[in-house]
Amino acid sequence: MIIVLKRDASDQDITHILDTVQGWGFDTNISRGVERTVIGIIGDESLLRNKPLEVFPGVESVLRVLKPYKLASREARADRTRIRIPPVTEGADPVEIGGQAVTVIAGPCSVENRDLLFEIAQFVKEHGAHVLRAGAFKPRTSPYSFQGLGAEGLRLLSEVRREVGLPVITEVMDTKDVDLVAETADILQIGARNMQNFNLLRAVGRIRKPVLIKRGMSATLEELLMSAEYVMCEGNHQVILCERGIRTFEPFTRNTVDISAVPVIRRESHLPVMVDPSHGTGHWDLVAPMAYAAVAAGADGIIVELHPRPEEALSDGPQALLPKRFAGMMEELGRLSPAVGRSL
Amino acid sequence: MIIVLKRDASDQDITHILDTVQGWGFDTNISRGVERTVIGIIGDESLLRNKPLEVFPGVESVLRVLKPYKLASREARADRTRIRIPPVTEGADPVEIGGQAVTVIAGPCSVENRDLLFEIAQFVKEHGAHVLRAGAFKPRTSPYSFQGLGAEGLRLLSEVRREVGLPVITEVMDTKDVDLVAETADILQIGARNMQNFNLLRAVGRIRKPVLIKRGMSATLEELLMSAEYVMCEGNHQVILCERGIRTFEPFTRNTVDISAVPVIRRESHLPVMVDPSHGTGHWDLVAPMAYAAVAAGADGIIVELHPRPEEALSDGPQALLPKRFAGMMEELGRLSPAVGRSL
Amino acid sequence: MIIVLKRDASDQDITHILDTVQGWGFDTNISRGVERTVIGIIGDESLLRNKPLEVFPGVESVLRVLKPYKLASREARADRTRIRIPPVTEGADPVEIGGQAVTVIAGPCSVENRDLLFEIAQFVKEHGAHVLRAGAFKPRTSPYSFQGLGAEGLRLLSEVRREVGLPVITEVMDTKDVDLVAETADILQIGARNMQNFNLLRAVGRIRKPVLIKRGMSATLEELLMSAEYVMCEGNHQVILCERGIRTFEPFTRNTVDISAVPVIRRESHLPVMVDPSHGTGHWDLVAPMAYAAVAAGADGIIVELHPRPEEALSDGPQALLPKRFAGMMEELGRLSPAVGRSL
Amino acid sequence: MIIVLKRDASDQDITHILDTVQGWGFDTNISRGVERTVIGIIGDESLLRNKPLEVFPGVESVLRVLKPYKLASREARADRTRIRIPPVTEGADPVEIGGQAVTVIAGPCSVENRDLLFEIAQFVKEHGAHVLRAGAFKPRTSPYSFQGLGAEGLRLLSEVRREVGLPVITEVMDTKDVDLVAETADILQIGARNMQNFNLLRAVGRIRKPVLIKRGMSATLEELLMSAEYVMCEGNHQVILCERGIRTFEPFTRNTVDISAVPVIRRESHLPVMVDPSHGTGHWDLVAPMAYAAVAAGADGIIVELHPRPEEALSDGPQALLPKRFAGMMEELGRLSPAVGRSL
């Protein structure tokens, strides 16, 4: 960590800083420049991060040298993390997220009823999806909107999972539901609004199933990696990161999908990274182009919503792909993936 | 609700929309303009909001006529909500938030230890603060930062509350802690990161103590009002809204305090609105000017952090006011408030 | 245009609005709903846009039905605009932007000196670039930074253009330089900071060379299309739009490249759309992945910066590709383009 | 400037950096920490800023120690800049911006016609405004909107200025109009969209009249100060900075007025700072509360729009105050200013 002093910092200010920092057990290094004096602190920066050095008299600014994430960082392991989802049906292949293949997660926004879920699950499996998504607990901006079927939704999801033979991902919104959701889900999803629900992150860190964390609408990528760190700290290293659009001033799209999150996360971390172009754009006609962009940029997979009759969808109808459009997108992805060194 | 049709919408598209909407029990009204045909839908718009009209063939856009909040809206009640906090010490005056007087909530970021909390509480009371703030459960970006004293912190807060005779506000982060926090707190705080933790909102809606909701870092004011709606829906109408800075591109401040949130909320809602200039700016030297701005713009109160020795603070030291600066700010507010028609 | 009235709008308010609007020559249509009365105005909306209907007594909000762009809009022409850049060397092929082929524009950030420009131009031509970019007039945040070689830079650019046989694009920053720049440039660039320099837009609208407009850092796509409209209004319909990153809170990247701008512009307009991943990300290691993302999402081309010795670059060194990395990117694009139905 | 090296930087990388930097004439200082080696560079940082140190092999990041502005910075002069506008009528008092008094600039958005301008000028003078504002050249998002009366507007402004005896501020949008505008204007305004029109900044830096620079919609405060630096570099030190709202995701307001810009600029610079709550909010009912907030936060003045018949305004009617509301606001400001240590 580096402390830049004010131009008018006194010798007394400097002595006070050096004494305090050395008292904490760190070495220091002082450099007197033309316009500013700079103090370098040598030692474990993570211990220093919580010290409010900015408020010491004479301090102009404090510059951090290291990234705050450890377990999630690229330096923590040499190779990339690959997350293995065991097959639902005996004898089937496991799904691997973060390897050479692009993973496609697809399904309806919400579990609405058994028949619809079965119909969609069957369809996406036939067209090459690897994991089924569907929400039982739904975070909705309005208390007057459909809030999901809850436990009953999980039960339906569990049935369809077994019958169709697809692993499932579903969202958990409350610490008290983690065990319940983990009984059904092959992957637990932490939604964007809960990316900094730290109790929930710790709770899913204590189970032993993969966790997909969606980036919060105004979260920096550093904060997303710190949320992964919360889960990993508790011992669960099976974390998948998911870009799903950030909030900007642009009104044509519901959010702005930050595709550059993909190469940045690949550089900063060993964890797999996926993209959700459905929530990211909010409009079905933008979903396929953004899915192609994600894969071309190096994403380990995509997560998309579809509905056979969007006019009747209980949530997020405008962003749902029609099944035939999902099928078309899968065909395109089948051509695109090998051109960027991946398989589908 | 108004549906704007595409220029090339067919008669069949129009008939399909009219039939469906009328089948849901709404009246319709069709207006054929020079470039576009427009369908007005007459009836309870809140029932229509969940229908994905955007996906119907021939629809270009859907325009909503009404605001989505009801209980929180200005139209829901004629006068402004005043929230009464009963006195802690028998015979003392109650605190009223949302009335003619400006309410000052002050205290340390976190409960660190008994003595420090007592020292600060005593000081802020002497200088005119009405409510003591201090966090026992702390949401921290990093799992390696001080996470608060938890239940032990609540116990200390409870003791100091009684001894000093100041009502307290403290944050609740998890549905499972709501009852515990409500035992100590006179006001429960929902932090910015939990503004859309809907289960938590419902949970605090079921108790009968005032709730202060901080605006999420990327939440629109409409979403903030919808979060109030979640609490009010459950029967708890004692909701205070709090602007605490939104995330923008500006690096000089930790967040950008949106002072215009104050007059907008006063126009849109009957609920009291406060401002937190400490988290809003992240720098102690900006706290007082922004507190004055908040009161001048019509805020019902401010919530600020102070610490006698910021160099030793376990969290958010850089934004903590020194006690003498807090005292100076209170004097200035004492001059400013009457000039804008308020008392302190 | 649709006027939503306040719940308590009086009959007098309504009569005043109807009379005024009819006095302007529009037809009206009134619909009385359960909670609100709504007035539809029938006629040319562009004439109404400048009327401050929001301030009429009793008006709650004004909803616009049509998009404000006309010449730039999808409805203005059936096919997509293809812009033809005549060959520099007689007998060579023209470059077409907006057709089936992906166009690659490449070069140094600035014209630094003749030899360097020649070296880069030669290299990018050999590796398949279609147009050479290089700035003679440079917009720089600091007056103490290199400001470009100006007229001398244009002269060098003109020489290299002829010798190497590549059309060139370069920025014009001032109305007084439009003619000068147009003498050399095959395409004139309007930089992000000048996207709403309306005099400059009109000035380049009066020449008869293609114009590439970069999206402003905080410009909505509607505003970008309106800037195109300024150019087209003056008679110059050869406009190319370019996404180059918008300003958000994310610090890992200099800007956030909004890849969804590509499919949105293709839906809203007939004009070609390109992406600049160099300025968009600010880091050379993110340039190639974002170039692939742009092409996969449907961009008509990319514009990238390279430099053989970034350590010596006079501007934007950190985002410059090394020549060998540019060559690698071109190879990848050669594989990717056909997989998404384009040629390179 | 400080260079943080990658964990795996080689000795050769370090030698290369040291040699290069020393070759440029700087001293260096190397500090080997537990996890990273850090190189401090001693010398004039402004000379280093343009060197792309980020691209040197082995470099992880480059930390700047100094602020990039010099003439505009607090360190450049001990006292605050006070800008004196000579009186229009002989014998009248000059206006001083940046002193103890709050300056009020008011007027219509545009010069529409002589009578209206005279009526408004007379009114604002009677109610205590110090400077008249009105646009002759108008930057408008749409080419189909009223573009201002141009030179004829300046002529009318000049007449009214003399007759009413109020100094005027008006916008200049093009380098070629600087001399023309400077003939009439007592203060030249650089609009938000031109904050980084560097040629225009240089041009107004060469005249000897005060210049008010509005913050761009997505400009950081550092960038705003750098734009002031462009003007000051050319010899014109009479610069006023103006916060007028930044672009965020919040739709209730046209922009988000960043009131914290006021104390930040006062800390970072000696230049006067004003606030424009009319453009900042876009709604007349928010103008007065935000004007109070600005003054309470320490602004040296406000700039507001009014119109006697907003229904007929040719531009920005929705944000125009009615004269009676302007008069009311002035009365409130008369009470508020002394309470915060200012006069009006």
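Which chain is which? They are A, B, C and D, in the order written, and residues in each are numbered from 1.
Criterion: a contact is a pair of C-beta atoms (placed from the backbone, for glycine too) under 8 Å apart; a residue touches a chain by one contact, two chains touch by 3 or more.
Keep in mind that this is a model prediction, so the values were computed, not measured.
Using the average of C-alpha coordinates as each chain's centre, A ends up farthest from chain D. Here the CA centre of chain A is 39 Å from the CA centre of chain D.
Put simply, the C-alpha centre of chain A and that of chain B have 27 angstrom between them. Distance from the chain A centre to the chain C centre is 31 Å, each centre being the mean of its Cα atoms. Looking at chain A, residues 218, 246-249 sit in touch with two or more other chains. Taken as a graph of touching chains, this assembly is complete, with every chain in contact with every other. The touching residues of chain B, counted against chain D in their complex, run 218, 220-222, 246, 248-253, 256-260, 262-264, 267-268, 280-281, 285-286, 289-290, 292-298, 332, 335-336, 338-340. Contacts from chain C toward chain B in the complex involve residues 2, 4, 7, 29, 31-36, 38, 40, 42-45, 63, 65-66, 75, 247-249, 251. Taken together, the chain B residues at the contact with chain A in this complex read 20, 46, 49-52, 54-56, 68, 139-147, 173-176, 193-194, 196-199, 202, 216-218, 223, 226, 229-230, 233, 246-247, 284, 310-311, 313-318, 320.
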